[in-house]
Every structure is written in C-alpha cells, then in structure tokens.
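Report on the structure given below.
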Amino acid sequence: MKLTSKKAIGAIAVVIVAIVAVSLVATKGTSYSYYIAYQGPLTGDNKQTGLDEIAGVKYALAKYNEAHPKAQIGLKQVDDQGSGTGASVVAPGTAKDKSIIAIVGPAFSGASIASFPYYRAAALPMISPSATKVTLTDPAVKSDFGGPYFHRIPSKDDKQGPSLAHLAIKGIKSPVVYSVNDQSSYGVGLDGFVQSTLKATPGVKVAGDDTVDGANTTLDFSATISKIKAGNANVVIYSGYYAQAAGFVKQLRNAGYKGVFASGDGTYDPGFITDAGTAAEGALLTASSAVFQDAGATITADFTKVIGSAPGTYAVEDYDATNILLNCIDQGSTTRDAIQTCINKGSFKGLMGNTISFDANGDVAGTGFINSFVVTGGAIKSTGQIK
Amino acid sequence: MHTLISQFWQLTFSGAVQGFIYVLISLGYTMVYGVLRMINFANSEIFMVGTFATVVITRDLLGHPANGPDLHGATLIFTMLLCLLGSMLVSGLVAMLVELLAYRRLRSLGTNRLAPLISAIGMSIILSESVSLLTEGRAVPDPEVLHKSSLATILGANIRIDQLLVVIVAPIMFFSLQRFVNHTRLGKGIRAVSMNEETAKLMGININRVISITFLIGGLMTGASAFFFETVYEATKFNIGFNIGIAAFTAAVLGGIGNIRGAFVGGLALGLLETYASAVLGSQWKAITVFIVLIVVLLFRPNGLFGEAVQQTRV
Amino acid sequence: MSNLRDQGAEFWAKWDRPRRVTFVIASIAVAASLPFAGNFSITNILNTPISSYQDVLVYPVGMFVLMALGLNIVVGKSGMLDLGYVAFFAIGAYSMAILGTHTHLNMWEIFPIGIALAMFAGVLLGIPTLRLRGDYLAIVTMGFGEIVRITALNTQKIGGPNGIANIPSPPSLFGLKFNISHPNSFFWVVLVLILLTIWMIRRLSIRRPGRAWEAIRQDEDAAELMGVPTLKYKIWSFVLGAGVGGAAGVVYASKAIFISPDAFTFNISVLILSCVVFGGIGNIWGVVLGGVFLAYLPERIRFISNARQLVFGIVLVLVMNFRPDGILPRKKREKALLTKDDLGGKND
Amino acid sequence: MTEKILELKNLTKNFGGVVALNDVNLHVNKQEILALIGPNGAGKTTVFNMITGVYQPTSGEIIFNNKSIVGKKRFEITKGGIARTFQNIRLWGDMTALENVLTATDVHSKSGLVGSLFGSIRSRKTEKEATVKAHEILEFIGIDEYGDRLAKNLPYGVQRRLEIARAMGTGAELLLLDEPAAGFNPAEKVELGNTIKKIRDAGYTVLLIEHDMSLIMGISDRVAVLDFGVKIADDLPSVVQNDSKVIEAYLGVPTDAS
C-alpha cells in the first residue's frame, strides 16, 4: 500500500526534475546585445505563412550579423498562431521582455488587434509585413487602431479590394460576378471591399456571394459551385487563403466553369499552383507584395543557400521590415523609443529599389501599390502595377 | 432557393456522391457499434489516414507528380485499384490498431463506459496531430489520376466520370459487405457477438478476434470511402476527418446505428439534405445543418429510421 | 488499496481544527503569492519564455484549472461526457464582450449576467439531450460547441471572424487595479473563483446532490429505480458546470481585451477534458493538478507547444489505459459523513 | 388484513411479437409475503420491470394503493412507495454501504441543491435524520457493522442484504425482491427467510421472486405461479405445491433448483 504512493511520488518527482532540466537546457544559448522579434503564426493552421515570413527576417538578420560580427542582433520568435487568441497569450510577455527592441509583425490583422494594447503600453514599435486590414491604421476606429507604434509595408485591403474587382472584370463585356470568401478575418474584410466596388461599378451584375469553410475541414464545395452555375457567373472572385482557393478552383474547373477566376494576396503563393495544378492556369491575382525572385537571381540563390529553401510569400516585405529596424539599430537607435523615432522619421530603401517612409498612421507614405499577376505555364507572372 | 430549383438535379447528383462517401464511413461506425455498443470516435481519423494513404501511393509510391499527364488504359486501372486497395488496407490496419490501443485493454479491465470513449478520443487526436506535424498542417493535393471528364448532361446535371464511379462502386461495396455479414461464417460470428456477447462466448467464438475483424472491416469500408473522396476532391488535410466524421456518424444514427441497411439510407439522405441545405442557406451553415439533424433525430427518433434502440435499458 | 489521495485524506482526518485551518490558509497564501515567484532567483525557474509568467498564470493556467473544475462536475461527478464545454466559456466571453462594448455595464455587473446566460444555455441544451446515453451525449455536446462557434463566426454583428476588440477592463476593486499592466489582480479573481468552485463541489459532494450524482455515475438505471430524479440532477450538474465555464469566460474576455471565435474551438474542450482526466476524474485535487500541469507546461517548455495537441492525445490514451483514475484518483474509501459517535451527541 | 396494496389487471406485454406476459391478473395484500415463481423465462422479472416502470405494459392496468401507476416515471413510482432489488446485484459499488442506503432515503428528502450548498439548517437536520435512519435500517437488516465499507468490497451475502436495505431506505411500503437468496447456502437461506419475515412483521409488504422451494414454502403467505407469461396458479403454498399444472410446468426441474 505504501508502494503505490511511493511510486506516484517518485513519478511526480521524476517529471519535475525532467522539467527543470529541460527548461535549464532550453534557456541556455548565445546571448545577443539586442533582440528583434518576429511575431506570426509559427504553429497552427496558418503556420506556412509564418514560416515563409520568418525566413525573410532570418535572411536579413543573417546578412546583417555577417557584416557586423561585433554587434550581433538576435531574433526572438513569437508564435501567435495567427490568431487574436494566440496573440493575447504571447503579447504580454513580448511587451515585458525588455531585450526586445522592435517587432517584425504581427503578421495577421486579428493578431495585431489583440496585441496592440500591450505594445502600446510598452511603447514597442512594430512593422508588419502582411497585416492589411484597413482599420489597423485608422485612428477613427479606436478598437483596431495600432498607432503610433504600428507600421506596415503592404497596402491596405481598401486599395486591394477595388484593384482586385477591376482586374477581374477587365475586358469582359457583361460581367456577372460571384464572390466567395473563406470566413477568415482577412477574407471577409477583402470580400467586403470587392463587393462594394462591384456594386458601384456600372454594367456589373453581381450574381451572389457565398462562403466556404475556412478551417478547411471539408473540401466539398459543390453547393457553392452549383450556385455559381445557377447564377450564370462568368467571373468568380475569391477572397481567402491559397490552400482552400486551390481546392476550390480545382473543383470549379472540374465542374466545367470556364470563366475568370480572380483572387487576392492570400492566394498569391506558389503553393496555390502546386495544389491546384492546371486548374490554376489563367487565374488572376493581386497582391501588394513584390516577388522576391524579381530582385534578381543572385540574391534569390543566396537566400536559398542561407535559409535552405526558396523565398516564399512576403519574403520581400519581411526582408524590408527587418532591414528598416537593422538600419535604425545601426544608426544607434538601440531603445524602443529611439527605434520608434527612427522608423517614423527615416526614409528607407526597399529591396525592389522603392523608397519606404511611414505616414503618421503607420502606412507607407504615398499611394502604395498593388501588383497584378496571372498564372501561366505553372508560374505566377507579374503583369505590372494596377494604377 | 433559386439555386435549389434551377440546379436541382446537379445538386442531387453531387449530394448523392457525398452521400455514398458518408455511407461507407458510417459503416465504420455502425459495424463497431454493433459489436461493442460503443462509438468508435477515431473512425473520422481512420478516414483521414486513408486519404493520405491514397496520396502517398499515387505521389510517392507510383511517382505520379501533382500535375503530371493524364493516365490511360491499363495504367489508369492499375493505379486506381492499387490506391483503392492500399487505402482500404491502411485504414483497416489503423482501425485494428485503434482497437488494440484504445479499446482492448479497457475492455478486459471492464471499466466504465467513459474510459474507452476518452481513450478513443485520445487516439483520434494522436492520429490527426501526428499527420498535422508531418504535413506541417498544410492541405496536401492529390495528383489527378482520373481525368475529370464530363460524360453527359442529364436533366441539367453534369455527370462526371469520377462521380459516376462513386455512385456505381460504393453501392457495390456496400452490398458485398452486407452479403458478407449475412452469409459467411465470419459474418455470422460478428452478428452473434453483436446480438449477445455472452452467448457468443459460450458458442466458442473468439470475441477478441471477432471484434478485431469488425474494426478491420469497418476500417476497410472507411478506407474505400477515403479513396473515393480523393478521387473526387483531390486534396486532403490533417483535420479533414472532423466534419466528415460527424456527418457520417449522424448518417449512421439517422439510419439507426448498428444497422447496416440504415447506414445506407442514412448516408444518402444526409448527403442530399446537406447539399440542398447549403444551396439554400449558404455553405457556412452546412456543418450546423448536420448537427441539428443529429440532435433532432436523437430527440425524436433515437432509434433512427431502421431501429436498434439507442437507449436500451439494461435492467 | 491506498494511494496518495487517500493518504492525504488520512492526514487530514488526523488533524484537529486549528491545524486544518492553518493548512488551508497557508495553501491559499502560497497560491495567491504565485505571481511573485517569478521575481526571486530561487523560484524564477517558474518563469515562462516569451509569454509573461504572470499572464500565463491567469490564462491558460488559472482559467483552465477553473474550467476543469467546472467540467469535473459534469464528467467526474455525474459521469456524463461533455465534449462541448467550451461553448459555455464562449457564451460567458461573448456576454462580456458584447455588453462591455455596447453598454456601460462593467465586468463586475456583467459577471452574474454571463453566468446566468451560460447556465441558461446549459438548461436549454440539457433538457432535451441529457436523456441520451453517454456516447451520444458526447457527440451532441461536441455538436453544440461547434454550433456556438460557427454561429459566432458567421454573425457579422458580433464581429464574425474578426471578433470583438477593446473590451473594457474592470474598474478597481478593493484598491486592486485591473488592466493589462496588472495581470495579478485577474489572477486573484480567478483564484477566488477557483476556491469558490472547490467549496461548492465539496459542499455538494457530501450531501444529497453529491450522492445523487455519484449514484447516476455508477449506475444510472439503479439510481432512477431507487428514486433519484436522475434527469433533474443531471441537468443541475450540467448547469452548474456551465455556470463555472461562463464565469471563466467573462473574466477571460475582460482580461484578454480581445476575443474571436478561434478562442473557442473543439481543441479547447479537449484540453479541458485532458486536464480532468490527467489529474484524476472526479477528484478536485487531481483536477487542479491536471489543469496546472497541462496548461503551464506547454508555456514553460515552448517546444512542447508545437505538439501540444499531440501530447494531450497521448495523455488521454495512456492515462485511460494505465491509470484510468488519473494521477490522483478519486478517493477509494469514503468515510460516512457522520459516524455513529457523532450521532450519539458527543459533539453537540 | 386483506386490503389490496397492489393489483395487476389483465397485464400484457409484447416484445416485438413475442408475448412475455399474457393477460395476467394478480394482487398483493397489505403486509403479506407473496412469492412469484415459475420456470426461467416465465416473465417474473418482466412483472417487476413493469411495476417499477422500466417497461410500459402493452395493455392492462397496475393499481397501487388504489391509483394507477402506469406511465409514471420510475423515480416517482419509487417515491410513491414501491422499491425493488435486482437479480444481478446493482449496488453503487464506489459508495459505502451507508451511503447506498442514504441515497435511497433521499427520495423523501426536502433538502435541495441550494440548501445543501449553503448548509441551511433544514439541510443539516435532514442529513442527520437521514443518517440515523440509514443506520437503523442497516441494523434492522443486520449489517450495520459494514456501514463504512465500500459496497463493492462487501462479501456477497452482505451485498444481497444491502440491496434489501437500500430498497427499504426509500421508505417504500411494498418491496419487490428479485431472487434475494440466489447463491446462498441453506443456512444463509434460512437466515434470510427470517429477515424477510421480520420485514413483513415490521409492516412492509413483500413481493418475492425466488426459485428455492423450501424458502418459499417456509415464508410465503401466498404463491403465484407464472408459466410462459400466463398465471397458472395463485393460492396458499400448500395448495400450489400440489397443483398438477404447476408440477407439469416444473416437470424435469428439481423443485429445489436455485
């Protein structure tokens, strides 16, 4: 009878010792003079986006540390799982961690909103490579506004939405449009701007709208496709992420749909073509993102060598955001306040040769840009900027 | 509503395809329920594993690239047969593994009903999370083996070859299973155990073996369903089983869980209902439709359409 | 057979009243001072990387202990498997978020409303479904949890997938400030809720409702035939569990400032269930241990967090197969409430 | 003494085409011991199940204390005054013997959830009274020394007796005992017989299913015989013992089969 309890105590003791040991080992490591953090989905359903993004950050950092052997900058990975809920767990700690002087991120809009109160209280500057929800930089919407500490490189959805709508109906005589979103915060938001643009455009008939399962726990889109066919649509605009978009377009084409398929930056990912195969051919895409490969073969090859995989989505924006921070650190801004001032005042050169400076609300000054793309021959080809 | 009327036959056809996929999965629930009087919670993940088996066989084993050329003739038939048998086998074996790890020990311990239920939930989490870690949580596309050519348009419904295949082969598999259970020795053993375990034991039937085989058969059917699913939808993901599993379970309950014929009617009815409902209400309410059907059936006709009492009093 | 739980109970039985009171007060004091443990060099091993230790103590640790205790009333006490427990958490959280952003009510005022709404949802779901047997109940409750989440996701009026931001912090109470810079205050609120829940469970366990639940758990048909109104007590158990979940939800929303439907997935229900199962179904201390362990560990050792769900799955299978009563099982031997000597009137 | 406490009128029960009980008429008088006997599958336990509300009769009436109880909920029937034991023991194994009885006494407890929670005076008083009563019952049945032990750890014979104690705990006037002596040795059977008589003398009415003829003949006031769902005899033990139909029904079955 004693034996049982002794065993139990023993087991608990072993577990505790193991935890202590593991955590001691886990906390060991090189220490850096300063840290920047990347915040995005590193686990969970959207982790692919996060992994692609952090590769861009790591590349910029590796280049910097290579050039500055004496002032090494460390990277802390803040995993918010791409959700506001995840962000509200990790943001308080990130805010309190004084060694972090700036953040690349948050990657997603919902996670950004959940993080803002903590970073504002801690005066922690952020540059997001991919959060495009309009209200993040709109001081009128208090609940979502991230200023003055929040900055972002991509254009907002209110710019992308109309661009996407116009791109989709370009050159079609009597467009009948059906819009679909994936129930994500991003998809619903973008879809709203697409729809309002369509309604305001004369000659466009809106056949209807539907949503598909965002959690991707079912891949049967037949009902939505039936609706598209019932409405005789010749343009389908999809607002959402690429994984579902790929499955969706595949079934749409398999069902015999011959019209236009257009989608936004959520679908702007090589994975879209890998997953959708030939069904992706002809798809029109928009993104306020640039293609890393366009920066040249040399740097692309170097990236692949350093990181171990080719640059993916938002690699350019992450690279730029990281470089802005490193630039500031290089100029002697080594506190949160100093970096905040530096970001707001400075003007930086982006990878694609563009100039980046931020306005008072955190958007890139100037009009920003939306690139349009088309899928041909199994690759995403740029068709230039949409004016 | 407009869609429902104008696309009625198209919806009916795709609903039937979906329905037959449910039929085969719900056999996995119904067979196990028959012998154990327990829900095999992990059946949805057995399905998910089956879809990945199909992907692995076509992509890695046979080396068909995602966007490769279309297959024809003997190669096509060989590939499809191999995928079908492979995913059936993998699902069947995983089902036996689930029985071994999640149910057997607890059955011999004779603990309360809660324990095997929780351990089966645990197994289903282990399966889906392992796959999630292996695939980095991504959707995985399945190379197109069978080209989706349209055969005919009947009453405005586009009849595609892959969907037609499901509508023809799934019932054949179903009826073979029914024959197997009704007419073979093994099938009779299963029926004996499901009627009365004690008596079956007295008759010299090896209960553990019969239960194990029941899981295997349930798994085989679920695996076949996974193959059909892949043939039609050509993609999978670690969490694909969740909603489909609940839907198939609902189908089993709708027809009367434990009743093989019930699974057929229930699966088909649910597939149609779900497709009609998402055409009328919007696809986002599809999952809710299934849950509401489940709750309503359990409340008003807990024995399902074909009986087998759910709330048997065991006095 | 004895076990750790029983030995604890034996010690407890031997102690006199002052000793017991001292022990309880000391334990509460230790629990209440946990947030400060991160500040000292001996105890700073407790600190969590990335996430802030003080915040982790509120969510997930405190919150999951609280919810595990609530779910334990349903699963542990009366033996009903509820796989949609997160729904009540969601209802509490959304009550706080909607009322907090649209009315002038503060958290303290919304608190009873959130609990009441969660309990009401419990009644609504319980009356029709609690007649079902175990495994059916499990699937129906799982469905209910999903219905709540999907409805929130598709209702743009309550933010849809965007959720609700800017949920107000509660006003100060007893000189304690409540805002993002003061997570400790929230921790103490959660601690009080945990203590209240423990008190409630202990109270009910030794009296009529506890006996009724126990009888239902062990043999429902026999209970019904021995005159226990089983449906009524099942609903009570369900509703009390729902109320605890609702309370947790209100505090969570107010602390996190932001909520969205992805906080209320099926995974959370599984996690809470794992906490209950891991520590010991039906035993308060086991459940507390399970909650602390499974909520804290993934935050402390980050590499677990990637495989967090997998760990929970393994816990469920292993614990059920090899220690079906959990690490700290429910007591094996229960002394009657009043012994014959008590009845002799010596004490009165 | 001949007042009827329970009356079954034309009771019939079909299970999907199989007639388990066919037009059975039976009554139990107050404070008597009525034994219900018959070969296996005769429908004895079905009678119990219908009286206690487990099954609903296909047709017929069940009158208890001049009121029909058909269609009532099981716990209401118990509360109304009928309690039973089970052929295969169904105690709550993880509760102590005392708690098993206590739970049964809760049938008439007025203490509710809120009262229990806040330890209201009434709730405390009820608890105390119930505990006293539970001990009394255990003592009456002769197993009070086992009060603090878990039911599942009790010796088999004590478990059988505890089932009776639990049924008495509900405060029922009519006890339905389903093979209470199953698995007992002759000495134990005699002792149990005495206990059942003691129960009757204390004012209870007992309806008993039993196979052991000597026990039945020794304690019953009356014996009713079921065969294939039909009542074939209902009389004094000595009369039934010599009834040709009864002997035929039991032909080939030793009379002391248990």
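Going by the order they are written in, the chains are A, B, C and D; count residues from 1 in each one.
The criterion applied here is as follows: a contact is a pair of C-beta atoms (placed from the backbone, for glycine too) under 8 Å apart; a residue touches a chain by one contact, two chains touch by 3 or more.
Here the structure is a predicted model, which means the values were calculated and not measured.
Central chain by Cα centroid: C, whose mean Cα position is closest to the mean of all protein Cα atoms.
Among the other chains, the CA centroid farthest from that of chain A is the one of D. Look at where the CA atoms of chain B average out and do the same for chain D: the two points lie 47 Å apart.
Centres computed as Cα averages put chain A at a distance of 36 Å from chain B. For this pair, chain C with chain D, the centres built from the Cα atoms lie 41 Å apart. Along chain A, residues 43, 183, 211 each make contact with two or more other chains. Under the contact definition stated at the top, the residues of chain C that touch 2 or more other chains are 153-154, 221, 225, 306. Residue positions of chain D touching 2 or more other chains, listed in rising order: 54, 86.
On the side of chain C, the complex with chain A involves touching residues 1-4, 7, 45, 48-56, 59-60, 101, 153-154, 156, 160-163, 165-166, 180-181, 183, 256-260, 262-263, 297, 299-303, 305-306, 327-328. Listing the residues of chain C that touch chain D in their complex gives 200, 203-204, 207-212, 214-215, 218-219, 221-230, 236, 330, 332-340, 343.
Of all residues in chain C, those touching chain B in their complex are 75, 79, 81, 83, 128-129, 131-136, 138-140, 142-144, 146-147, 150-151, 153-154, 217, 221, 225, 266, 270, 273, 277, 281, 306-307, 309-310, 312-318, 320-321, 324. The residues of chain A lying in touch with chain C in their complex are 1-2, 4-5, 8-9, 11-12, 19-20, 22-24, 26-27, 43, 76-79, 83-85, 87-90, 92-97, 110, 113-114, 117-118, 121, 142-144, 183-185, 187-189, 211, 214.
Against chain A, in their complex, chain B makes its touches with residues 2-3, 6-7, 10-11, 14-15, 17-18, 66-67, 136-139, 141, 144, 148, 150, 158, 160, 233-237, 239-240, 242-244, 275, 278-279, 282-284, 286-287.
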